[in-house]
Amino acid sequence: MVYPKKHPGGPGILLKYAGKDASAAYEPIHPPDAIQQNLVPSQCLGPLAEISGVQEMSTEVIERTKDEIRVAQAMKERPPLSRILNLADMEKVAKSVLPHSAQAFYFAGTDDEVSLRENRRAFDRFFFHARVMRAVRKCDPSTKILGYDSALPLFVSGAAQASLGHPLGELNITRGCGKSNIIQMVCGFASVSRAEIAAAALPSQTLFLQLYRTRNEEATVNLIQEAERLGYKAIFLTVDAVVVGNRERDVRSIWDLEKEEGKNRYYEEGDGEEEINLLGKSSFANRNDGLDADMSWELTIPWLRSVTKLPIILKGIQCVQDAVLAAEMKVDGILLSNHGGRQLEYAMPPLEVLFQLRQRRPDVFDGLEVYIDGELLECFSNINFQDIIRRRYTARNRFAFHRATAVGLGRPFLFALSAYGEAGVAKIVSILQREIVTSMQLLGAASLRDLTPKLVERVDWEPVKREYKL
Amino acid sequence: MVYPKKHPGGPGILLKYAGKDASAAYEPIHPPDAIQQNLVPSQCLGPLAEISGVQEMSTEVIERTKDEIRVAQAMKERPPLSRILNLADMEKVAKSVLPHSAQAFYFAGTDDEVSLRENRRAFDRFFFHARVMRAVRKCDPSTKILGYDSALPLFVSGAAQASLGHPLGELNITRGCGKSNIIQMVCGFASVSRAEIAAAALPSQTLFLQLYRTRNEEATVNLIQEAERLGYKAIFLTVDAVVVGNRERDVRSIWDLEKEEGKNRYYEEGDGEEEINLLGKSSFANRNDGLDADMSWELTIPWLRSVTKLPIILKGIQCVQDAVLAAEMKVDGILLSNHGGRQLEYAMPPLEVLFQLRQRRPDVFDGLEVYIDGELLECFSNINFQDIIRRRYTARNRFAFHRATAVGLGRPFLFALSAYGEAGVAKIVSILQREIVTSMQLLGAASLRDLTPKLVERVDWEPVKREYKL
Amino acid sequence: MVYPKKHPGGPGILLKYAGKDASAAYEPIHPPDAIQQNLVPSQCLGPLAEISGVQEMSTEVIERTKDEIRVAQAMKERPPLSRILNLADMEKVAKSVLPHSAQAFYFAGTDDEVSLRENRRAFDRFFFHARVMRAVRKCDPSTKILGYDSALPLFVSGAAQASLGHPLGELNITRGCGKSNIIQMVCGFASVSRAEIAAAALPSQTLFLQLYRTRNEEATVNLIQEAERLGYKAIFLTVDAVVVGNRERDVRSIWDLEKEEGKNRYYEEGDGEEEINLLGKSSFANRNDGLDADMSWELTIPWLRSVTKLPIILKGIQCVQDAVLAAEMKVDGILLSNHGGRQLEYAMPPLEVLFQLRQRRPDVFDGLEVYIDGELLECFSNINFQDIIRRRYTARNRFAFHRATAVGLGRPFLFALSAYGEAGVAKIVSILQREIVTSMQLLGAASLRDLTPKLVERVDWEPVKREYKL
Amino acid sequence: MVYPKKHPGGPGILLKYAGKDASAAYEPIHPPDAIQQNLVPSQCLGPLAEISGVQEMSTEVIERTKDEIRVAQAMKERPPLSRILNLADMEKVAKSVLPHSAQAFYFAGTDDEVSLRENRRAFDRFFFHARVMRAVRKCDPSTKILGYDSALPLFVSGAAQASLGHPLGELNITRGCGKSNIIQMVCGFASVSRAEIAAAALPSQTLFLQLYRTRNEEATVNLIQEAERLGYKAIFLTVDAVVVGNRERDVRSIWDLEKEEGKNRYYEEGDGEEEINLLGKSSFANRNDGLDADMSWELTIPWLRSVTKLPIILKGIQCVQDAVLAAEMKVDGILLSNHGGRQLEYAMPPLEVLFQLRQRRPDVFDGLEVYIDGELLECFSNINFQDIIRRRYTARNRFAFHRATAVGLGRPFLFALSAYGEAGVAKIVSILQREIVTSMQLLGAASLRDLTPKLVERVDWEPVKREYKL
């Protein structure tokens, strides 16, 4: 058992639903086999249907909140899928149809969200020296990632809790990727079980596993062995999240809804510290109390090597020094990432790390595959929503100039799923395909091999502030 | 025949007008001789007047759209021409009187329009070391371009579809240039035929031809030979548009109008991918499916040399390396341009390319003439219209410091034409004349030869955000 | 006596309250023993109660001003303390509940408040190279300051007139610090006497004294000797405030209130210069006319050494040269500070001074302890309130990279006190504890020793404009 | 006679007032002796009073315009002079009380007013390394300019047409400077005659002459000889205005007023070019058609030496090369200036020129006195008025770090005069005195000699956007 002594989400959430039907809150954030995996039989008290009081309560007519009314209206008014021209369009629709709490979880960055925005702004400092008069009519953007075919130089990166946005959750991503020949890294906090995802995949389809190492080593080993059995092809060990970042947007989302409903709470004398433990951390953070914050180069890598033959990739490398260490430890790959700006504030943007790595230690690229995190398209802004949205493809076709193998994209797929289900996922891939091919052709590149560092220059001017033009 | 197998604008546009009088949509984008040039007699079914159903339909009373009402009102409220003090003023009037779809076509940049705006912002990083105590009372801004006289160091660059803005289209530009002694490069997608333009020119007037090479080599050769016969003096081969950029503003313009009319369309279950091929590309992009994306230094330049004795200029050079290659291939000139920000996103601004070329390979200027694209004055902004308008003359009088021979300007002439017809074109030239002469005098330069690189410094500060002060 | 000849606040304030009960204006800005310390018995005319006219006046019903009504309403609507997630939240509440004049005093910077804002913006130019795979489960942020234990690498810096925000003034800071094991530097202009503060402290608690040297040397010596008797452990001599900066926000606050009450004053012919001496300086500036503007390295340091054995720290060092001089003079520490942006406009931000010191003269760190001023979280803005708020912790966990010993924070404690009294002070410390520990863990640091300069890079891009997301 | 053949303001203005009493338009822009100086007796047709028709017309009741009503209201609502804390306050009042056309003339910069704003922004890139522990109680900001005493290191620079703002025009500046011991450079286009100004000066007061050389050499010589007779002490030859810059704000001001009155004019067919010569240039520009645009180092300096023994200063040096030439020509001083951003667009800001001169050719400072133009505090903005106002004193106390002798300030005195007459002028000097002394003290400087280049650093970050906090 993983968490034998306490509820991983903390006691607060149990008290909140005591005596009530908690299904609506439980299902999006627990995989279906969570009970079998985590509870001993004696802790399973019996089926819910037998407890009559709860049953009655669950048939109560619940008045819809303003947020629910907004979401329902927005679902009706989604534009036709043919009018989604880029990832920003998709994100805008997703934002309109996501419940506020799901928005808060998906969009949140740490603290003031500086890392989150700087990740994205970094792309604006790299300009092209486009080449002309080259034969580019036939342009092939396909590649191999850890030896597995990929239609595009990108993969779906782990991003938690897809069922907040759509009842079928990650399964739709799996199906969309299968048809599009895109590899999916399955999140360590997926809302669908690893087995269900494997079952939804095509026989030829490649899946990677995102691993969070917990303090319960046995459970971690079981998880890896299950993934091997299910045919997962690589382990992405998360190293940038030994504790959970301070995502205030997420914490505040409940209070935002209270305020919207006109149920403001005010300070009363004696109103002190006691509440903070219950409410001051997001429920997501509470559920991650078991993470192993004592991983080390000396112990963790050899241990992981000893329990699996799968390729090992470190997800969350944030500086040149650690990239060098990873190469020395002979892992199979590194994903340059600061967890999408959700962990350390003022973390160096992955694109800058890639650039520095290329400048200072190009030898690292010879020993392992280097991936890089895409950017979050948008973050909420009270001031000016339009000014911080941007398209994501820039990440994808430019990574290669620094010889990164592929870009991992997480949130765009969650957005697509939330907005249009499986059709949305397919749409995202087709948009990316078109954008990558057009850009390659205009750069004079007929294949990814033609994308060399000389085509890119880091400029010394501040990028123009961009507006959203949907 | 150029397009023997299919309609260059795609099948969608044919279906849209099936059984209707398509004249209003056809005329602005096809030169009058398009049928003679492109269809065999058997494809010409007869005069429209004989088909009675269509005739009736075409007499239907069409209710005016909000956009049409806006345009009609704006035409009435144009300021007197004497109050147009600069090119931004002209652009503002043009924007107010252009139908939305014409605006979208003229103003569109690629993707998020970063290239488009950075092109213009680049000018703000170059400041002057003005010299005093020099005799400048007599100040002569005239020059020669490829040996032909020009009143100013600029020419009209190819810019498509002038008849979207004015029924007489490019002809007015031709007439205006004749009177002003300015050279016109006739666009490969002009809405008036090359012959009509030649006929409108004065005997002494110089015309250049912008050439798009299509996959139909024979048609291309015919076109060049026709231009030679008509007296065109140089060939500007477009090399930065082997595929058409992703100009979403243009694609969206139809939907914007629907929305304005309150005819919103929403997503329905099953609403999938099929539509994208019809609507996801602009009609302009559809019509350019025949472009040759397999041009090369090795084959294309020698071929072009073999079919014409006219000077050859490459339009769309975007980096130092290709400028060097062009010099090695002994072409007669290069036009540093990224197609006005309409093709590759994050393309290096032409002014920066000019600066780098001057720094790194000044020898290139000895072998050929170097021209540079002007900047687009304005692009739409949902946020702050005023803040991104600027005047264009900066392009014109500063180019010379890097020894460029002339600046090509496209959109300003379209704007002038759309706003005031031929009088507008003449006005633009007179404004530019005044601005260039005044600036030269204040710089201590009595002729273009006095404009040396030492007068310019690339500053290291971020330029102030500018406002529009009409 | 310190000011034998005139009232330190100038004659204007005496005239203003002539014949009236001045208690409400007197008490927040004078410590209780001000009369005993500064007046000879012959100047004390007797108890106020005997003067009947004044008594009557003081029972008059005073109509509440708009500002008072605003404050009362804001006090009712404070959010629960558990919803204060960061220092910006606290500051926002403080701003809402502070009377306008207190706001003006606390928030004011000098002149146009450029120094004030640049102090804060400097933190946005330093990014992290976070390290992963290090054992950080046990993370200890405690340190020693001048040999005294501190739970966190920060202390409460001197900040004047706490009773403007809360009737108990600095006493609550003292009590909060005692429980949290944080050191308090007691302001030279505290609204509570040094003796009262000492009495409120725990026996084990450390207090430092902020010293303003006046022209009355005897009074200064008395003050030091009193502090020694009361157990204060160090002298922070203020060197950046020999005259008082031009804090216009403070000067204008009275006029703002007049305007709010609709009592505008207009210019009349002959309205000249005479008023400026009365109103053109803030009352705070007037009270500081006695400061010694003739301190010098040669005379002042030896003199201070001769009158106390306590460690001497110079508060307000603003450049590398003076840091070197301080080391040569063998003082015990320096506090890099420009008085929170309240003195010289265009002063170099302390973080930049720290960075330069580290680069150019790392030897200085061997001879003395280096502290650095935190940043003011927010300053008023008529334009965009949200855009300039930020969190302060960045100061705290990043200072160490340049080997500063601790960060001094002033205003956050005033804000906490004003908003929630003593509970607010405790809350601030607990927020800082959480933020520092989380950031250290995500940086791969288990103790302050692990925070080395290599973890920080001064980036060459302009920081993103940040929004406030409460 | 200076302009024997035509009216210097062009024929348009004559036609406008034909048959009318033109006194109101004539007086602010012509000195009282303009007729005697410029017309031969035969051109003087007799006194106006005899022409009865005009007399009648002039007694017509003229309805007040919206602009006049606004000005009258603003005059009533000026704040008391004691509430003017800085030069931005003064400018704000001036702006409110100036007629629109006077605003346009005073505030106008050339073209898009980039030079104008960059002049000011340059000051934001220079920060201080303040020194502490220095005896600054006695702080003396006085200096000598060309050997003449000045209370502060600044002088009143030439700025035209003071009577647009106040009927007494420059005379009030003269009187204010006399009392304050500040030197006045009398503008070449002053609205009061040089003789009247000399008469208003104290016997001990120093006046300089700003000279515009016209094509009529004899008239120029007469003017210099008159100035010598009147006791002017130096000649500032204007070299940056051989033609008049394109100040569109000024040109547009008439149209703005028309629009405000609802008297819009629209384009009519045939509305062409003819008007531009009448209206496309400001009346100020028209009146300056006689300027000598053929000055040269070789001829002009020797000629000027030959006609006067007064010190010669070149006003409008804009680069290091010309500063070096000036030193070689042995002139007595140079004023680094681009005419307040009113002439060449994208001119290098004077402060940057000063910095470059100091870096590259410090020897120039040995041979002559170097002055620098202050910055314009504010320019109109349709978008954000508050964001571009700033205080001017930064110019004054920082110039010295680069060894400039003094700063010339023009517009602040016009603003002061317009807002409060002579009392305003005195107020400006007293504000500057306070700001300079306070800043010097906080920098550790007791005299101007203590202000050395080491105290200043040009920073590499973009200055914060400043707000106005009146």
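Read from first to last, the chains carry the letters A, B, C and D; within each, the first residue is number 1.
The rule is simple: a residue touches a chain if its C-beta (ideal position, glycine included) is under 8 Å from a C-beta of that chain, and two chains touch if they have at least 3 such contacts.
Predicted model only: the values in this text are computed from it and were never measured.
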Self-contact between copies chain A and chain C, residue sets same or different by half: different
Angle, in degrees to the nearest 5, of the Cα rotation that carries chain A onto chain B: 90
Chain A and chain C, separation of their C-alpha mean positions in angstrom: 43
Chain A-chain D separation of Cα centroids, rounded to whole Å: 60
In chain A, residues with contacts to at least two other chains: 460, 462
Chain contact topology (line, ring, star, complete or other): ring
Touching residues on chain C, where the partner in the complex is chain D: 111-114, 117-118, 121, 125, 239-240, 242-243, 245-246, 248-249, 251-252, 255, 264-268, 271-276, 279-280, 292-297, 300-301, 314, 316-322, 325, 338, 343-348, 352, 380-383, 460, 462
Chain C to chain A touching residues, read off their complex: 76-83, 85-86, 124, 126-137, 384, 386-387, 390-391, 394, 398, 420, 423, 426-427, 430, 434-435, 438-439, 441-443, 454, 457, 459-464, 466-470
